[in-house]
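Every chain is named by a letter (A, B, C, D and E) in the order it is written, and numbering of its residues begins at 1.
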Amino acid sequence: MTLDISGLHAGYDGTPILKDIDFTVDDGEIVGIVGRNGVGKTTLLKAIMGLLDPDSGSVRFDGRDLTHEPADVHARSGIGYVPQGRDVFPGLTVEQNLEIGEGIGDGGETRYEQVYDYFPILEERADQDAGTMSGGQQQMLAIGRALVGGPDLLLVDEPSEGVQPSIVQSITADLKRINEEFGTTILFVEQNLSVIQGLSERCYAIDHGTIVDEIGDGAIGDRQQLEKYLVV
Amino acid sequence: MMYESISRRSALASGATALGISVAGCSGGSGESGGPTVGILEDRSGNFQLNGTSKWQATRLALEEINENGGLLGEEIEIVDPDPQSDNSRYQELTERLILQDQVDALWAGYSSATREAIRPIINENEQLYFYTTQYEGGVCDNTIFPVGATARQQLGIVTPYLADEFGEDIYIIAADYNFGQLSGDWVNVLAQENGYNIVGEEYIPLDETDFSSVINRIQGEDPDFIMSMLVGANHENFYDQRATNDLENIPIGTSTAMAQGHEHIRYDPPALTNVYAGVSYMEELGDLRDGENFVEDFYERWPDANYLNQEAQNNYFSVYLWAQAVEEAGTFDQQEVIDVLEEGRDISAPSGDLTLDGATHHMEHEMRVARADENHEVSFTNNERIGPSFLREEVEGGDGCDLREEDKTTQYVPSDVYDV
Amino acid sequence: MAPLTFSVYSLTALLFQFLNSFGFIVLATVGLAIIFGMMGVINLAHGEFILIGVYGTALPYHAGAPLPLAMVGGVVAATLFGVVVERTIVRRFYDRLLDSMVATWGLALVVSQLLLIVFGSSLDSISTPMGNVDYGPFSSSVYRSIFLPAVALLVLVGLYAVFTRTEFGIKARATIEDPETARAMGIDTDRMYTSTFAIGSGLAGLTGALYAPALGSITPNRGSTFLVESFVAVVVGGPSVIVGTLSAAGILSVFNATGSFFFGTFIGQMLLLLVAIVALRALPDGITGYVDDWRQRRRAEE
Amino acid sequence: MSTPQDINVRQKPAVAATGGGTSTILATKQLTKNFGGLTAVDGVDFSVAEGEIRCLIGPNGAGKSTLLELITGQLAPSDGAIYFDGEDLTGLDTHKRIDTGISVKFQSPHVYENLTVEENLRVPLQRTDRDVDRVLAETLDRTALSEKAETGASELSHGEKQRLEIGMAVTLDPKLMLLDEPVAGMSVDETDDVADLIRSLHDDGMTFVVVEHDMEFVRRISERVTVLNQGEIFRQGPIEEIEADEDVRRIYLGENA
Amino acid sequence: MTDRLDAGTVSVVGRLRSRLEGPNTIGNSTTFWVGFAVAVAALAAYPLATDPYTVIQSSRYLALSFLALSLCFIWGYAGVLSFGQVAFFGVAAYAFGVIGINLSSATGVVVATVGAVIAGTLSAALLGYFMFYGGVRDTYVTIMTLVVALVLNTFMAQTAGSEWAVGEAQLGGFNGMTGVPSLTLGLGESGLVLEGTGFYYALLFTLLATYLGLRVLLNSSFGMTMVAVREDEARTATFGYNVPFVKLVVFTIGGALAAVGGVFYASWGNYIDPSVFGIAFAALPVVWVSVGGRESLLGAIGATLAIERMRTGLSSGIGPIGSEWALVIVGGLLLGVILYLPAGAVPTLDGLADELRARRTERSQSTTAAEESPE
């Protein structure tokens, strides 16, 4: 269940954004992608998810070449996606959002109970329209929705964005727990220092569309080194 | 009778020659190729294509027959026949083109009254010889226009009294809510006044209406002896189907619009048209009343895919011959001279019978008949009668009538000019 | 034209006319409403989609197929046509509402003229089945005043069930709300768009099939019969497809039926259009926009 | 809606606004907004003194953006009133409120994508009777966009768009400027630029209400902070006091902030 | 007025150009103006080189161009798509007929012209007020304008009876109103009747003046305001613009343009009928403007002339293709343009020209690094 990215180039409408990205995420790891706004982090996640067709290079997951497959094929190959800005389906109920999430993974395993166990608020509000929930609740739903289909790899795009600091802490803890309990590999994008430090085992710093640094185990705690690549 | 005609517009226009070229007075021209040219503007697409197509087909048939027999005055007639697509502004444009560019010697154009009215200013301005062949509300008294179809007075005049005699005198009028329908309704009212019938209900229905359930309920509420229907167009045909659904066939319908144009008795399953009585001058079922001729066979031989040979197509057909005769007699294609010959009045043998053109009014004395569809939609004809254009000839202008040989006119008279309706 | 006298019979007649009008507006609207409400595309060729349903029914019927089977043919024809149109044309116009109107208008011209060229100026009509009910002096068509309104209601109930209760419906709504995220959730969004458009087209085809025996003559410009009512009802209804169609059809047909019955069809038609203008002015977001607003206020007060 | 008490507020505002400025320029009285079951703003009495920079913070969904939209008139309040510079704004259309001297920049950039930077600035500027060429040059300079004057707005980076939007609001020379997350998604340098821009405008006498999550930025510009929570004013006071407040840390800032 | 070029000094030309040119109109180069002058000269010389029929026919296309300009103005520049511009066109045409028939003198026709334009403009103002101050938006405006046209269509079609007369003028129902006077310049009984070539020149002159006038307007601050409203209504309101009022003014001007076209149209055929309010006619302006390019006044005019010419030509069929294919070709063309040139013909060509120019300059300069796109 390794994610293998090699020589990846991608962009929008001929404007190149990602240049020659190479990295690997091993089974069960939590890996962060850090960098400021506009450096290509979200684009990278989209390219990995198949939401953006790479210009060249390859994306392989679990030995399978997914490079030019559409996103739904990625999803069915066991990759879950938590989009930036908590993109839940606002007009669907919480429960219906979760049902959509079942499409992720091979369909063999569903985790409604676990999701409700992690985020009891989702069970409480099962029949409420997702659009009426608060930002933090929507973020929980977005994670729960990705989790419910039992993905092997979870791509998480800025879980802290637009979420109040107190909730950020609990979401960080939840992601950590998901990784520990299910062995779900997590690749996340973030610029919030405390999330990066609290979650990742190692991370890649990205700037101007390329990986500029790999920060391994020991160095994660080094605030100075991380801040070089971050907003605040 | 010769006269110089200067229209108001061309008189005004002569003051404008400094700025522009006056385009009036092109009569007597011949086509660009030098030979005689005839224009046909009949709808082969759009709203009126169902009726217009067979008009176009019959006009072409007549002209082709003439050409096969050596042409007119020894010349082959050229045909210009673009498709105006049931679009009145396209009609205006094409009429300008046919007159000014193709310089047609005679023009056959248009199904609806609205089309005729749309191009009438252009016809008048250019003094173009124009045959309007649809059965219509009547009353057009116009220098260069020959409305050779039966008028409402002729059609309703044959069928209304027949039904009143047969079934009783309580009449419910339904008609299309536009000029033709409203004037036809007026004519039924005139006939009712003259003969003492009762109008128990009267309703005018927008042309785009297809749902007649409220109309049917209102008719049921009034329970008339018969209905006079002057509904028009494909939308309104649905009335006959809804009538059958509601078992209303026992109330007979008199009409000037159904069957003879849109051949509803063929396109609808019985009993939709059962007990519908149409006042007509011609229908395909009548065949050819001339000796040794077979118009219907000729028509389908030329146009194997044709839908129906309707009343108007026959009018186009015989009026082409009417014109050809006048040209032969005048010895020229000059429109004013041809009109002068036509205004002498002419007899012509048409598939529908022996007809007479009334020179004064430019209208025809038609052989009118009542066509009835039975429960299997078989058509039978009864009650033949020759009816002339009495309204224009005898009733308007305080009884003096309209005489285009005597005076210049571009008028349309309506029943309310004469009657209190 | 004095109004008819009030009686049990005339009120019954009025009720049947209301049902007749209601069924017509719902069926004329529902396919358009799905495509507009779900996909943000105004299909000006909606009338021609219905027409394909009409032709798809009339042609096999005249070739000898029994009417119900012929109707299935009409629905299938319109659905397939919808799939082709979505794949080749409409797909490029999501989120380009005004362009979609222009493109589908062009399509409408092409379709109706091609029908004329291929099938000629008119097909023979099909008689309305099921006969009538008599009451007092009046009668009403069972097909138009009972069967079609019933089908219209069933269609709305069915759509409601499909879009709120089935997996397909939820996925389709997810796709329309946020296609990118939906794709990332494993939904084949292209298929969802095509299917939703196909449902809209199929419903237009169903309308055509059902009205094939209630239209009278079948001509290539018949599509316009449905156009005005459907557009008016869609905008008066507002953004919520099913409730909007239901409520707009209800309100418009009350005015249409009452006006037609008491004052004649011209007044009925004018009333329908004028009510639509007033409704649009008073409720800029349509009836369902207003209802949502009102519900929110109610909930807030509780 | 217009009770005698409301009028009192206008004449004798300063209920909560002490310190900071001299007189109250903006005051809301029992301002309330319901969305469906949600009460986004719940009976808020919010007032700002002339010449201060007020930051509004609070968890997502606390009603900060809603409050701004109520002040500009893009949303109609369910109840309550808004006074600005001695005038009752409550029933006025947005454009009339702008004419009283309020300007606003919303959360996500709303520049005119199909116009150039200069044209973008001209749109608000042409309404004023200010010297167009002078103000244009000055604003381009202030927002460091002079070199991009002819560039299409769609080609700007995120930070540049944010600056352009602030610039557009500034050209109206407002008395009060409302900014919703002006530095969201900006780099450190860009954030610095915006902070400097706000300070310099403030020195010229402009009053600010700024909604922001970035506490670092809030610390740099703010004099007083209002914390909103669940549609109500939760705390109000100088930044140090707010950051030290246990309850504020619990609901918003988090324990280790 | 902008059509007086006699001063001749460079500064006047420069000032004039600065008012005629700007980001909101296509064609801001000397090359463009030279081409434009040549085109105008060609149109002016056209009647001398062709037959009376072609002149009359072309006049009709020119009259319809006003309808295209009116839609282009409101849709292309303010984002308001009206499917019912024909309503104001038709109202003005009928008003011209009613007034002109009742006051049958040269002065009467002049009064009718002014009165008709006022009638069309006022009806647009009325509908605009009703819609924009009532919060009717986007698609709803489109449908509502269409419904208004259809109401007029249904209503006018049934005014056949003699009770439907305004003084001497019979509204004429579905058959339309006949006897509409020709456009006349003058006072009292005598006047210059504009027919044939004269009518053509009157139209050409008015169209030219209108085009230049609209260019000045679009490049003024009001034009910028219109574009701002089109791009982002809510944002524009926050700069203190009264958006409903701006839209009302735009819609009213659009109504006036359509009204001018309606007067010309009615006097062209001396006839007007309710089909001008019908859905088939209502769709035409949308076709012209889409094909020509909604953000190009010249494109709208050009497309009107070209498409209408083509439609007339197709009514006789082309070669082996019968006339029945005319509508298929028109529909197909429209589909093709929208699919492949969504901005319309003129803006697409203009874009291509810009790109060519840019490439040429690019070659002479060193390329700078591409701006980084935001996420």
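One rule holds in what follows: contacts are C-beta pairs under 8 Å (C-beta built on N, C-alpha and C of every residue); 3 or more make two chains touch, one makes a residue touch a chain.
The structure presented is a predicted model; accordingly, all values stated were derived computationally and were not measured.
Student: In the touch network of chains, how many steps separate chain D from chain E on the shortest route?
Tutor: Each step joins two touching chains, and the minimum needed here is 1.
Student: Taking contacts as defined above, which has more of them, B-C or A-C?
Tutor: The comparison resolves to B-C.
Student: Farthest chain from chain E, going by the mean of C-alpha atoms per chain?
Tutor: Checked the centroid distances; the maximum from chain E is A.
Student: Where the centres are mean C-alpha positions, what is the separation of chain A from chain C, in Å?
Tutor: 43
Student: How many angstrom lie between the CA centroids of chain A and chain E, rounded to a whole number?
Tutor: 53
Student: Using the average of all C-alpha atoms in each chain as its centre, how far is it in Å between chain A and chain D?
Tutor: For chain A versus chain D, the centre distance works out to 33 Å.
Student: Multi-chain contacts only, two chains or more: what residues does chain A have there?
Tutor: 37-38 - these are the residues of chain A that touch more than one other chain.
Student: Out of chain B, which residues touch more than one other chain, so two or more?
Tutor: 45, 177, 204, 206, 208
Student: Considering chain E alone, which of its residues make contact with at least two other chains?
Tutor: Residues 154, 158, 324, 327, 372-375 of chain E each touch two or more of the other chains.
Student: Note which residues of chain E are touching chain C in the complex, please.
Tutor: Touching chain C from chain E are residues 75, 81, 83, 130-131, 134-140, 142-144, 146-148, 150-151, 154-155, 158, 279, 283, 286-287, 290, 324-325, 327-328, 330-335, 338-339, 342.
Student: Applying the document's contact rule, which stretches of chain C touch chain B when the two form their complex?
Tutor: Its residues touching chain B are 1, 4, 10, 13, 16-17, 20-21, 24, 113, 116, 120-122, 124-128, 131-132, 134, 137-141, 143-145, 214-217, 219, 221-222, 224-225, 257, 260-261, 264-266, 268-269.
Student: Under the stated contact criterion, what part of chain B meets chain E in this complex?
Tutor: Touching chain E: residues 9, 12-13, 15-16, 18-23, 44-45, 80, 82-85, 87-90, 92-94, 96-97, 99-101, 112-114, 116-118, 120-122, 125, 177-183, 204, 206-208, 414, 416 of chain B.
Student: Which of the residues in chain C end up touching chain E in this complex?
Tutor: It comes out as residues 42, 44, 89, 92-93, 96-99, 101-103, 105-110, 112-114, 116-117, 224, 227-228, 231-232, 234-235, 266, 269-270, 273-274, 276-277, 280-282, 284, 286.
Student: What residues of chain D sit close enough to touch chain E in their complex?
Tutor: Residue list for chain D touching chain E: 72, 74, 93-96, 98-99, 103-104, 106, 110, 112-116, 119, 122-124, 126-127, 155-158, 161, 168, 172, 185.
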